[in-house]
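Look for chain A in each of the two complexes below; its partner is chain B in the first and chain C in the second.
Let's turn to the complex of A and B:
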């Protein structure tokens, strides 16, 4: 412990306060865990930074260090070469698919979250179906959806079968996040609104949604990322046109040039733009809310 | 509006409306979008796979509607099946242990050691940022580090620790476990962090005042109270590893296999019924694993608490 034992014995109250307010020395476990945390963050970011740096090489560049030259050559290569496949089309399709998945996931998991606050007949069945859908291996589900479409004589495509396959994974995930978000929601606010004469729709629109807004944005962020990055569920369901992860997959099999790294840099930039937009939205909501409270 | 409000306002003193028939209907209305996705895109496809696994096939992608158990017999008698499961379970177990150890201690550090709450949230977000980038790209990013001429090998050679590059770093079982741990630790950190953040710090102060050692505090307070987070994280990690083939394929360089990787090979040659039989068995294994975890905690009650 950070305080000598006799101090604890003689001044227990003071000793306790000292460990709380941060004046005391840190215990040795702090330094061990701080070391672990630093190592984890380095391992998390290190490899990614390597490929971002390596994607900026010039035409002589290879897959490993040392860095050869400095240019945007591989970015141009990425979007102009035929052998790297239809990266641009895949990118557009993945973004559109992810947007559709995000909207449907947000609406679906918000409503399901509302429903699960009360017990209702059959809620256990829906809950376990949801868990089942969450844990089912993606490829197995993809095969099922693919075969189903084949059996029904429908053409599988990224905006029908792949959309459904993605939703069967992002929706349960979103509902679980929604559970966590809603567990912090105080139902007496809702009751207060009802006592003041608000209708059910007004309560949802003017009380529940504004209070849960940051959590809803988090669900949106999850939905977008999970879909944008989904591979195994898309494999059998996306039909003739590939989504981006499928393009990257075929690239990892054929391409051994830094344009692979350039693709990594581009997709990461896109992800960061989206996170930035979402965080900006949260900040805006908070600011608006703060202003709303102060003006009343 | 006032009319509706009048009928909807509960009598004073009565908490929430009683769970009558209307609540049930409304709940079903709210949950219907979820059900409308789960039935056509989870229940029906799984049934299709189940049916398909009992059909004969002509070897050219066609299916003959005759009932047979041959697909299952083939899967169970093949020695390869057992090897695949052994290999997949090995990866799942190693990844689970590593992500749990790292994830638990990182969550613990953020919740109990970082005293400034804003800093703790900032560091937590720092851990989650890479999750928003592509997994495939994150996997590829090990090449410049672990490759034969990669940074790790060059560093070790230049310090004189080794004189031949280490071959096992990339395209090996080692690389597979590294990639899994790298990708999935976040799935442990988030739920455990959430569970730990709810622990009342005064409980620990009280235990400390009562003379509990550091170990006893962990054993009797922190671990039991983070149990749900651990269970939830384990569900994510195990189900992802059991269902993955991409990481195994890329990081092992084709050297190791997994159940789903073999499944993928079957589909590539249009062997749907054997693939379906193997899928059904895998699904059962995963469901049993998750059910065992769910038995230890009531995830639903805990999440919705």
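Let's turn to the complex of A and C:
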């Protein structure tokens, strides 16, 4: 081989550097898995991205590619045109409903988590009933709730029947998350607090809730997002006024302009804002706890 | 007799969990300001007794008196006891200072006041520099000091420690042992310490309480329990003793002649015991450090007991040499030979030896 001597001399050094940053160590499976992951991310976010991009067209815009112009026209249209439906009302109702569901889910899951640390009579039955409502088809469950309200002569509405239908879904979810969080809770913390003179309420307030805080925020996040975009359980239970997912669905049937896409963009932004706020809250809690190191 | 504020009296304390009896009628008095160790294997009921004194468990029967008043049914605060948990149970979300100040916080003291007291306490356990750390960032020994400070800040009259040293490594354990004793002297309060390690118990305690299956086997000063075990269980659990089981050959006034396999007739002082007849089975104990090993053929002087045996294993321990011998009737039989004595005429594994001891150093067990 015609390799000049100085290159040979430098070779060991280069080999060492390569090993250090790990490039030469990567097996072929790395590239296969990386490719698979890229495809997965594209499949996950590609369709959504199309909608966000298409919502930014100007007045000539249509429902398919290619893009026609670039503006915020359809966002303005969304909030001004009556024909696009009751977007504002649907959004408000969905947010209100999601907040109610979140509060009830957090409270219910937290209490269930506390209760299930001890064995009690019928605990198995309660647990399986809960899991049952988790696996029941949402549409069927929604129809059932709707029928029940009709039978009882009650008016179905988003804040009564839909609230119940949503809870049948978010509550078991929240409880399962709470179980996972609780499993790492050491009961001797409570005992120690009692030993040191804390009352029951002080134990909950000063020890149990602060230690479980990140888990409680996670339960809240679950409750909110599951309710906010719930469709099948709302369909037969929301009564005369639509929640946002129902409103979007009805729009897909009669609105043929990119304002539909604009709506998709706006609701996604709202979701991300809420998720961001929750994750921010968790990060803040953890940062607050880790501050011990920095202030030292 | 006046009753001290932190003296403890257990009277017929009994505790049942379902069908199992955890504590079976325990009677005990611990004077104010004593360091008392409950010693026993796991499941012997020692932790249950501790938790009953602390008020985390109610006895099924019997009375628990602290400072002369029955405390059964009272919450820990009203008993003025504090417990240090085995895992320390430090609150992971609070800094060291906030952990130590926690008992003051639940009593409604304002921040300034409770931090002042907490900082004084932290100084006592030498943790001032770590006041702003979280428990997760501390070593085991530091965590223990925080737990100790947190328990002691309310000035309890009794401090209850549940296996406080079991989570530490050997070296730290010995170091923290000294620290515990120092704290106890400084605070001047009653300490009840639960452990399954006999070395820990006899090193620390004014009173050692040996337990088995929910019952107290023996209680008394460390030296008494170690050197004069009442029965076979205590002798074997505390170690340091060889237990020989044999049959009574004859009773001659103040001593017994006992026969055991491989042993020449063993003379045991009766120690005031009565009602022992020829042919009864008895257990006797002899301290491991009282054994003198002699070569076969050497005449055993008068007044010495002897057992013919063989060396099974030898362990060098620094200050002494642990020589493990073939047991009498299969039991463990060990001699602690002072290091200098041993090396004037060292033995080899497999050597036949005669284990001898002064007859009056034999102890008759019940």
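Observations, loosely collected:
Here is the rule we go by: the second predicted complex is superposed on the first by the 261 of 296 C-alpha atoms of A that agree within 3 Å, B and C clash if a C-alpha of one lies under 4 Å from a C-alpha of the other, contacts with A are read in each partner's own complex, and residues count from 1 in each chain.
Operating definition for what follows: a residue touches a chain if its C-beta (ideal position, glycine included) is under 8 Å from a C-beta of that chain, and two chains touch if they have at least 3 such contacts.
Quantities reported herein were computed from a predicted structural model and do not represent experimental measurements.
Look at A:219: by the touch rule set out above, it reaches neither chain B nor chain C. Of the two partner chains placed by superposition, only chain C is touched by A:211; chain B is not. When the two structures are aligned on the shared chain, A:193 is found in touch with chain C, with no touch to chain B.
Of the two partner chains placed around the shared chain by superposition, neither chain B nor chain C is touched by A:98.
Once the two complexes are laid over each other on the shared chain, residue contacts for A:126 go to chain B alone; chain C is not touched.
In the overlay built on the shared chain, the residue A:182 is in contact with chain B alone; chain C does not reach it. Counting residues of chain A touched by each partner, chain B versus chain C, the larger count belongs to B. Using the contact criterion defined above for the overlaid structures, shared-chain residue A:156 touches neither chain B nor chain C, since it reaches no partner.
When the two complexes are superposed on chain A, the residues of chain A that touch both chain B and chain C are 191, 194-195, 197-199.
Here chain A touches chain C in the complex through residues 186, 188-189, 191-199, 202, 206-207, 210-211, 213, 289-293, 295-296, going by the rule given at the top. The touching residues of chain A, when paired with chain B in their complex, are 12, 16, 20, 22, 26, 29-30, 33-34, 36-37, 40-41, 43-48, 50-51, 54, 63-65, 104, 107-109, 111-112, 114-123, 126-127, 129-141, 143-145, 147-148, 151, 164-165, 167-168, 171, 175-176, 179-180, 182-183, 187, 191, 194-195, 197-200, 221, 225, 228-229, 231-232, 235-236, 245, 248-249, 252, 260-261, 263-264, 267-268, 271-272, 274-275. Those residues of chain C lying in contact with chain A across their complex are 54-56, 75-77, 81-83, 85-87, 89, 91-93, 95, 102-103, 105-107, 129-130, 132-134, 137, 150-151, 154. Contact residues of chain B toward chain A in the complex are 1-2, 4-5, 8-10, 15-16, 19, 23-24, 26-35, 37-38, 40-49, 52, 102, 105-106, 108-110, 113, 115, 123, 126-127, 129-138, 140-145, 147, 149-151, 154, 182, 185, 194, 205, 208-209, 214, 232, 235, 239, 242-246, 250, 260, 263-264, 267, 272, 275-276, 279, 282-283, 286-287, 290, 294, 299-300, 303-305.
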